[in-house]
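Okay, so chain A shows up in both of these, paired with chain B first and chain C after.
Up next, the complex of A and B:
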């Protein structure tokens, strides 16, 4: 976190003092620059999992024809390589993960669908986070009426079951694009970062380093974004990941009900078609199983990242897990 | 409930009514600011799915009149709010003379029942395991086993539902695949029927419990670790109190409070998850009602059922909030 302060000149006595201590090696354990809480095993594993999924999505398009993810591009109902379907057809290497009811290649569906699902989450979480940062800082810093209104609104919005509202809205909309869906989901993604940031700002407002910065004549803006914000980083990151998870969850819910985007292949949409096509009864496990597995791995990766970030934010957890 | 102050009660009730009002307004507003008129969009979809729809312009006009879509928007909005306050959602479009409320009424007990069972199990199990994880006296082995059981945590309940249905209903045939009780059975209050309900409800409940208890375990562990560092813990130990008494009266009692607040906050997500699970299992609750309605383009039912779920959630949150001061006496002294 010290690195965030190197890009602006040292102004306040407090920062001078901090720069002083930063130059001196503190304890033996901290000498190694790799020995930071950011390099905990949960966080790394999670990042690697999510990275792999995205990499397959990005590089996969180079090695595999993404057009096969659309209807009638391949033979129907083929099983993955090494398996035989109920009609006695064996899987071929032309469609290594098999194909489904209307001739979509499963591998292509995974390659195109996984990044799509992830993108919805990231867009919704980014919008929610930006709104949350603005509202959270305003509430925590300005206090008074502003705080009352923001707190009430976030208390209210956080209890609304977003999926229910989205179902009604999307049932009425004619066509939905991936980004429209992400923005609709973002309507419900701001309350939790807002609450989190407000709480942290309230507790940090009275802390020594903020008072010091105030005494040194730093502006409110500087205090908010140069002093407090860097300290909130692990919380913000955890909240961002939590929001991404929530947004993907909402998107999957809508897609599985058949309310997702119809023009682009999505993992939830694939599960919807699998349920509609009675994939369970026809023992076409690859049809529903592959998108389910991909999503499950994605969610486990996100959870690991979140747990890793929690350990950074809460040192007591770090001790407990060792 | 003598401990609740007027200010606390007023604030909780404000949150409750605002929740309902904001949801109702969002539902009404967004489709209207979106391009295209919803009714024509619905007919267009019906045309796509079922081929030619006879007299589609008459249908459009009829529905427009039914919904009062020719009136100015503020009038429409007020009438809509009026209907919602009276919980009057009109008639089902797909099964015409049936009122939406009757359809909801049939499904509601199933949803509420499953929700209560699933949430109770999840909450108790999750917090119990979380407390064990953080407690010093817990055997090492248990501390290694619990995280293994949390492998499903964080994946959506709907995915767990698909997995469970495949393994335990399709492959092993231990549980039925769909429905809330055996087909052809008359709902009655006898052992046979109850057994059937339990058998049908096991997998849906399990898919909710499996994916969510881990959150409570993690949260509880975090809270327990925080409580562990408090001074009163040292005092309690120094006094030589029974470790079980310390665990229950000092640690769990304090650590559980934020968990109850978290329950109120995550209830919306839990309910949404359950609606989807019900749909996967064709469980006779709101999820199946909503999905059938989506399929039939039965807009009044989609709106009514979804709104009812929202009200149900807001009501549960209100109840939790009103119970909360009883378990945390400090809360009523909050502000003013």
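Up next, the complex of A and C:
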């Protein structure tokens, strides 16, 4: 049950947003369905970029043989169409983006690898955020001993150098699959959202609508997840995207060190094999360049989504950008 | 007053730090690049850089110790087929070939000035014979053959063998492959625990050796050796001092690193390189050469590559399944993809050197040669004959168990990863759920010797160069140990131990006592090999190649097909010959 009381001091960006909406009756307010902060150019551009990458991953398999992403499936070291490699071989339309030194087709690698790398980030961020939401809400809303324990756990966990621990764990594991890697990354993805959400909940806990809900006899669970959570959605979404970016970066870091899945094509794994195969020296720019470019585009897309969501969550940013 | 004192102290500390840094830098820089030879060594790190006890598993001796410090008794010359004398001048058997007499060179001294003599040889052999666990390096070999060893005089040692062995000198004292028994200085090792003594103390001048170099520093990534001008060889007039003043062995890591260093003239010798990287390096640094001037560039390494499945653990204890894997593997594709055409498929378990041709030809002639092309249908028929059916994922399954193999390999060499990746794809396409797992060298060795694996990529049939016994002996039942126990010398770590193994062992033991080149041997090899062929305890894949690039910018005299005084393996103990052949380029 959301409060409509505007007399209390404005405490959160969401109430600011609400207040701002209230100040704009002349622009038809919610009557104009196009006048919504969700129609944010950065957000839309970011979503389109990420959507395209995923679409290529999904539709690409229909038009291109994904099996070519595996060892010994194509001729070796071919350049992209229109280019010539150091041995004078020209690129062919059978492998339009070229091949690498173990006979993997670069187009197939991008089609299979990009969604794989993205998936690791999404799984890790989902698990990390879910744990973060539960713990953050519990700590912020319930307070007391629960808050002390959760705060202590998250404060301690956040100081652990995640990449170092992940490298050790990955090196010890027999086989690394994408989901295993994502879950391992998720182990270190919860403390940050926990702390941030706790802070937000702490500031919302004393809001009028929360107090009203308490007076109405709503349970703690209902207040946390039916009253406060919806108000935090844009913020959580932005945080989720940030977490996804961080998880993808962690996964890429492991893969580039050769600690990712051996066989499953990923962007980081492709860069690892390019380093191992002296691609830079051999002037095989397509081998390391294409996954790097795809990663760059993916990160730009995620950044735009993050910026867009930030603006939705924080009207001040929106006003500044206008 | 407190503040100025603090400032003065801080300033002094900074000055001291600067001076100490400068000293270190000076110590590192005092030898000019033109007087230094830099070798690359494949590994992720030197696990125990301050342990120079070469007998303990897990220590490294090929980061300069056995190339610059510990000289061998003899060196097998791959090009002439002769055994070149080094610390030893002769090693001769009696007529029955069960008593061997070693004559040492006169005037040899350890680096601490003590005389090297027969006492050191006798001490070393007795130490290895006394290892009840047979886990010290070379202990198993010594215990297999030597009944007793005795000093005749300061320069003469007599080895009394348990049985005739015509290969005794060749196999253990002649750097037949990689290294051999290193003689220990008795005056330092006497009374030490051979399992825990590290043989390292730079202040005392340890490790001690007879070679012309002394250890300057040893870290997890680099060892530095400086020339010792009081080397016995120069003093006695046997050989002049080698020209390089400093030798460095460095772990460069990924191929990209070694390629970049070599392009930039910062590496004189790389351990191995893929064809593409070599061509790229040569394009940037035309002074870089290899064994051959043209394709295939590479020198054929004596250790043929193979896949080993655990014969003692289901499902791979089933010989039909092992045979199926062998049939499914397309060796031509491995050569084409992993070696980019610089090697050839294996026909048998042996290295395909000219001297091995009579044995290889006889085996192939008897219908036991390996088809380099895959016969997937025949392999699948064998799997299905063993009761397996394909599941929804396309993998073979029986009683709810998927037919799977996790192939572990040494992570340090790109060659190994590339081969295993090809094999994995071939097996998966045929219905076996294969996975590749590159691991650290120590883990890889530990897993295989203790039997904690389902599949291993290795080259443990390595041994024979010019006769068949050495490789065959490695798969006899003498070496079989229960799972969890280490197999001596990594021999028969697949734990092939059937009735056929016993029959095979009987014949191989008979071959072992026949003189080298005895005409009976060919037929006996074929007979023994049949038992192996029927059960496929190991799956030979390809011959190995080593594309060893050398930079002639600073040094000439590197071994090549034209300047073939010996082979180019700079990680072997025979590197002493290479170092003595190097000359300043300008």
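Here is the rule we use: the second predicted complex is superposed on the first by the 293 of 322 C-alpha atoms of A that agree within 3 Å, B and C clash if a C-alpha of one lies under 4 Å from a C-alpha of the other, contacts with A are read in each partner's own complex, and residues count from 1 in each chain.
The rule we apply is simple: a residue touches a chain if its C-beta (ideal position, glycine included) is under 8 Å from a C-beta of that chain, and two chains touch if they have at least 3 such contacts.
These numbers were taken from a predicted model, which means no experiment stands behind them.
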Next item on the list: Check chain A with both chain B and chain C modelled on it and let me know: fit or clash.
Entry: clash
Item checked: Which superposed partner A:102 touches (first chain B, second chain C, both, neither) -> second
Notebook entry, point to check: Counting only touches as set out at the top, which of chain B and chain C does A:258 meet: first, second, both, neither?
Noted result: both
Notebook entry, point to check: Looking at the overlay, does A:86 come into contact with chain B only (first), chain C only (second), both, or neither?
Noted result: second
Notebook entry, point to check: Just chain B (first), just chain C (second), both, or neither: which does A:314 touch?
Noted result: first
Next item on the list: Tell me which partner A:70 touches in the superposition: chain B (first), chain C (second), both or neither.
Entry: second
Check: Is A:275 touching the first partner chain B, the second partner chain C, both, or neither of them?
Finding: both
Next item on the list: See if chain A has more residues touched by chain B or by chain C, and give me that chain.
Entry: B
Note to self: I'd like to know which partner A:303 touches here: chain B for first, chain C for second, both or neither.
What the structure shows: first
Check: Between 22-30, 40-48 or 274-282, which chain B stretch has C-alpha clashes with chain C?
Finding: 40-48
Item checked: Overlap of the chain B and chain C footprints on chain A, listed as residue numbers -> 171, 174, 258, 275, 280-281, 283
Checklist line | chain A partner contacts - residues on chain C that touch it in the complex | finding: 254-256, 259-260, 263, 274, 276-277, 279-281, 283-284, 333, 337-338, 340, 406, 411, 414, 417-418, 421-422, 424-426, 435-438, 440
Next item on the list: Over in the complex, which chain A residues touch chain B? Could you list them?
Entry: 152, 155-165, 167-169, 171-174, 184, 187, 245-246, 249-250, 252-253, 256-259, 271, 275, 280-281, 283, 285, 288-289, 292, 295-296, 299-300, 302-303, 307, 310, 314, 316-317, 320
Checklist line | List of chain A residues in touch with chain C within their complex | finding: 70-73, 76-77, 86-87, 101-103, 171, 174-175, 258, 262-263, 275-284
Check: For the complex, which residues does chain B have touching chain A?
Finding: 11, 14-15, 18-19, 22-23, 26-27, 30-31, 34, 36, 38, 41-42, 44-45, 134, 151, 153-156, 158-159, 162-163, 165-166, 170, 177, 218, 221-222, 225-226, 228-229, 264-265, 267-269, 271-273, 275-276, 279-280, 290-291, 294-295, 299, 302-303, 306-307, 309-310, 313-314, 317
